[in-house]
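Shared between the two complexes below is chain A, which has chain B as its partner in the first and chain C in the second.
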Partner chain A sequence: MTLTTEPDTEGLEIEADTTVGGYEATQRKRWPRYLAHAILIIAVFVFVSPFVWAFFTSLKPESEIFATIYQIIPSEPTAENYVQVWNEQPLDRWVMNSLIISTGIVFFTVLLDTLAGYALAKGRFRGRGITLTLVIGTLVIPPQVVLVPLFLEMNWLGWGNTYWAIMILFIANPFGTFMMRQFFMTIPDSLLDAARIDGCNTFEIYTRIMLPMAKPALASLTVFTFIFAWGAFLWPLIIVNDGAMFPLQVGIALLTGPYTSNWGQLLAAAIMAAVPVLTAYLLAQQTFMEGIALSGGGKGQ
Partner chain B sequence: MAQPPETRQERIRDALPSLGFADPNANTAWYLLVAPKILLMAAVLILPFLGSVYISLHEWTPLALNKPFIGLENYARLLSDGVFHNALINTGTYSLALILLDVPIALGLALLLDMNLRGTRIYSASIFLPVVVSWVVVSLIWSWLYNPDYGMINAFLSLFGSEGLDWLNSRDTALASIIIMSIWKHIGFNMVIFLAGLKGIPNTYYEAATVDGAGRWERFRYITLPLLKPTSFFVVIVTLIFSFRVFTQVFVMTGGGPVDSSITIVYYFWQQGFQEFNMGYASAIAVVLFVLVFAFSILQQRSWGGDVDY
Partner chain C sequence: MNTPFVLQKLGYSAQNEPIIGGALIFLIAGLSIGYLAFVRNEMNAGIVLKVGSVLLLAFAALALFWPQRPWPH
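Up next, the complex of A and B:
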């Protein structure tokens, strides 16, 4: 943004008919706002109702699920689907697996990406140009392309069915390095020079200056990485064949086989799988959306 | 004159080898910072990527003792493989549908939210909700919505006297069902990026235009659209790149069927590589995927590289 001064609008009679640009609507034209409200309310219905409906279905006993579709709200809500699927399937184990994997991915991603991003943004070392090219070049590789050799590599190392094997593909992703580098570029060099004069070494500048200043970018990277890690599917499906090591997503998806027509329990499992992320989202909704917007912008807006 | 007493921290620091951390121009320190990530990237992405190309030139089944070099034969086979053609067409259709429907609707919703109406937070939080829920969960829920006999969608259609469709069980509608659900799931993502782009346009522009007598449409046409160009470009490219990787919803909802009518590139790759264990053939599919996505990725990096100043 280059323009920061507000024009003096006092005394000017502006007949704005919309709020685009922050203007209040005049009495004259209210209908665009009503129309916008109407569209958005329909949108809310479209985006929320599937969850609500799935939740209601999961509370119905089987006899009622397949009785009539017009009884949307369960007449006698019951938790029996939840109890049954929880008892029959190792859901608790899968949730734990997913938590460990997602937390590990987020931790190592943030750690390695901030270190590397800092070096690539502020370091003056031989080979920096080529390293940066390598990072940007690797961004072009869709992770799916490496799965066959990576599968062979992990088995060769004897890492099949381990958390490490699942996590490593996501930790290696260069996106965060690039994103953090772009962010650290915006921190003025004069700040680093001042810290040097005060006696900070290269690593102390990282912990005392770079990390504290990168809080919004870190929040963004954390949220972004967490959503992807939590939802990860194809790679864990390939590398894990021991049911006890399944992340939640894989475990739930493979229930579709044995539970083909058991929709009450299937949806109960799906709802339980969604609860941890939904809770986090409801608590920190703004952070989630800003996280996506920031990483989406690629260069901190 | 007494020396100030050394702090414990300083004594520890002096005892350790410096590794060049004190000198801003020493290579070693920077190498230590950047190395973990680069080595991991090399081991997990770069070498396996080259490995994919190598394996694609072989007939490679994991348990076979012999993995003969067969040149480009796997690629030649792809050219005449009907299932792969289906996968290409389906993935292309899916991507095109997302670009043509998902992106404009996301922009429309973002514009509505940018009007700062009362309740905007609830509106945007609701539309964004499917983005945070995983593809597996959303796919399960939608499989139930699409249920021809007991699903909500056919129940809704029957209110208008329609008989409803067979959605996931019919060759004609399976892919369309997946597309509709994916747009629903993904639209909040693009909407939020558009919204950030809209917020980045300075209000003073609109104010100046209003003073000059520009109406709603003119402001949209001559201020919003041109200034939103970098954002739109980014959204389109990222949507394309991600849509080429469509897998999870196909796995959960249709398994590529009925009769390969909803099979996609990555699904066929997974089937060949990890169900049939034709890893050479699967690698050839992966390399084709890479080539297809490559062009878009280059464009994406262009959009990141350029700085936009208003």
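Up next, the complex of A and C:
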């Protein structure tokens, strides 16, 4: 047995091999990313293509819609469907109704959900646990279950055919309460204690500390609720039977007749109905993403 | 005049009537958001909140002076 100070080149060769192998491993690691991107591209195509098809078809004259159904891009695009649906239907009133309902739902949802979330996150009162359990418990009740009792209740109150009846089902949704509660849980108690030492009462802590800090979560809750309220269909269809009070979605649905439908106008109205939602999302995109990140993963961090 | 009747009257408007209930909702939302956007400095309000509050007040005026295009047109 001889002692030597020579470096063990065999080990280095193995390292070199590993390096070569490491390159291969890097190549292998790229495959999941390619696969994920491929799946995402397919998913984007599946979700976006109906919208693109609807948009281009809305630019075709009524007589050409079914004659050129496989030709996606119209040879002679026209806006006549948009003009006709605007002139022949009370679309302005339906849009206004949808705006009123969505604004009311978003405003009262954000107000009540932040208050409830604040109380459930930072309040110290008897029955907090059971209240939270009840709030979360209502998430599992399908809204269709309460439609008939709520319909009877609204008629008993004399609220049939009113904005209040449409809005009340969606105000203070438990999802928003839970989301805001999760967000407020991430705010350290020491901040609240400092505010209290400075002279803030509970409500002032809510308005001066909690609300400004919750801006990203508020933005995402606003956009979530607006998208949900703008697309509401079943409950307004049931509770409203006057054409003047229809929200846009119900009005569009009733454009289809029993024997024939004006598909060009229908698609034009559908595209117009999608514009506010897209605008809301694009305006609040950044804060929307931040809100999801904060409210979804904040507590565990 | 009982309360449900007043609420019913406020919450409903026929085709060519001013939308009082809608104007009320826009006004409440617009004033509240405007207060947060323009008065409360700690909110550090951006352009969306400021323009949004003005837009809501404009919608309140639009609902109050409805209809601009009486039906049938």
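Quick note on the criterion: the second predicted complex is superposed on the first by the 221 of 301 C-alpha atoms of A that agree within 3 Å, B and C clash if a C-alpha of one lies under 4 Å from a C-alpha of the other, contacts with A are read in each partner's own complex, and residues count from 1 in each chain.
One rule holds for everything that comes next: a residue touches a chain if its C-beta (ideal position, glycine included) is under 8 Å from a C-beta of that chain, and two chains touch if they have at least 3 such contacts.
The shown structure was predicted, so the numbers you read here are calculated from the model rather than taken from an experiment.
In the superposed pair of complexes, A:Pro77 makes contact with neither chain B nor chain C.
Applying the stated contact rule after C-alpha superposition, one finds that A:Phe51 touches chain B and leaves chain C untouched. Ranked by how many residues of chain A each touches, chain B and chain C are led by B.
Once chain A of one complex is fitted onto chain A of the other, the partner contacts of A:Ala116 are limited to chain B, with no touch recorded for chain C.
Of the two partner chains placed around the shared chain by superposition, chain C is the only one that A:Ala284 touches, whereas chain B remains out of contact. In the superposition on chain A, A:Ala172 makes contact with chain B only, while chain C stays out of contact range.
Common to the chain B-facing and chain C-facing surfaces of chain A is no residue whatsoever.
Those residues of chain B that touch chain A in the shared complex are 18, 20-22, 24-27, 29-31, 33-34, 36-38, 40-41, 43-49, 51-52, 55, 62, 109, 111-117, 119, 121-137, 139-145, 147, 149-152, 154-155, 184, 188-189, 192-193, 195-197, 200, 202-208, 210-211, 215-216, 219-220, 224, 231, 234-235, 238, 241, 244-245, 247-248, 251-252, 266, 269-270, 273-274, 279, 282-283, 286-287, 289-290, 293-294, 297-298, 301, 303-304, 307, 309-310. By the touch criterion stated above, chain C contacts chain A in their complex at residues 4-5, 7-8, 10-15, 19, 21-22, 25-26, 28-29, 32, 36, 40, 42-44, 48, 56, 59, 62-63, 66-69, 71, 73. Interface residues of chain A facing chain C in the complex, by the touch rule stated above, are 87, 90, 92-93, 96-97, 99-100, 103-104, 106-107, 111, 157-159, 161-165, 207-208, 211-212, 215, 242-245, 283-284.
Contact residues on chain A toward chain B in their complex (touch as defined above): 1-3, 5-7, 9, 12, 14, 16-23, 32-33, 36-37, 39-40, 43-44, 46-51, 53-54, 57, 65-66, 69-70, 72, 112-113, 115-116, 118-120, 123-126, 128, 131, 134-136, 138-153, 168-169, 171-174, 177-178, 182, 192, 196, 201-203, 206, 227, 230-231, 233-234, 237-238, 249-250, 252-253, 256, 263, 266-267, 269-271, 273-274, 277-278, 280-281, 285, 288-289, 292-294, 296-299, 301.
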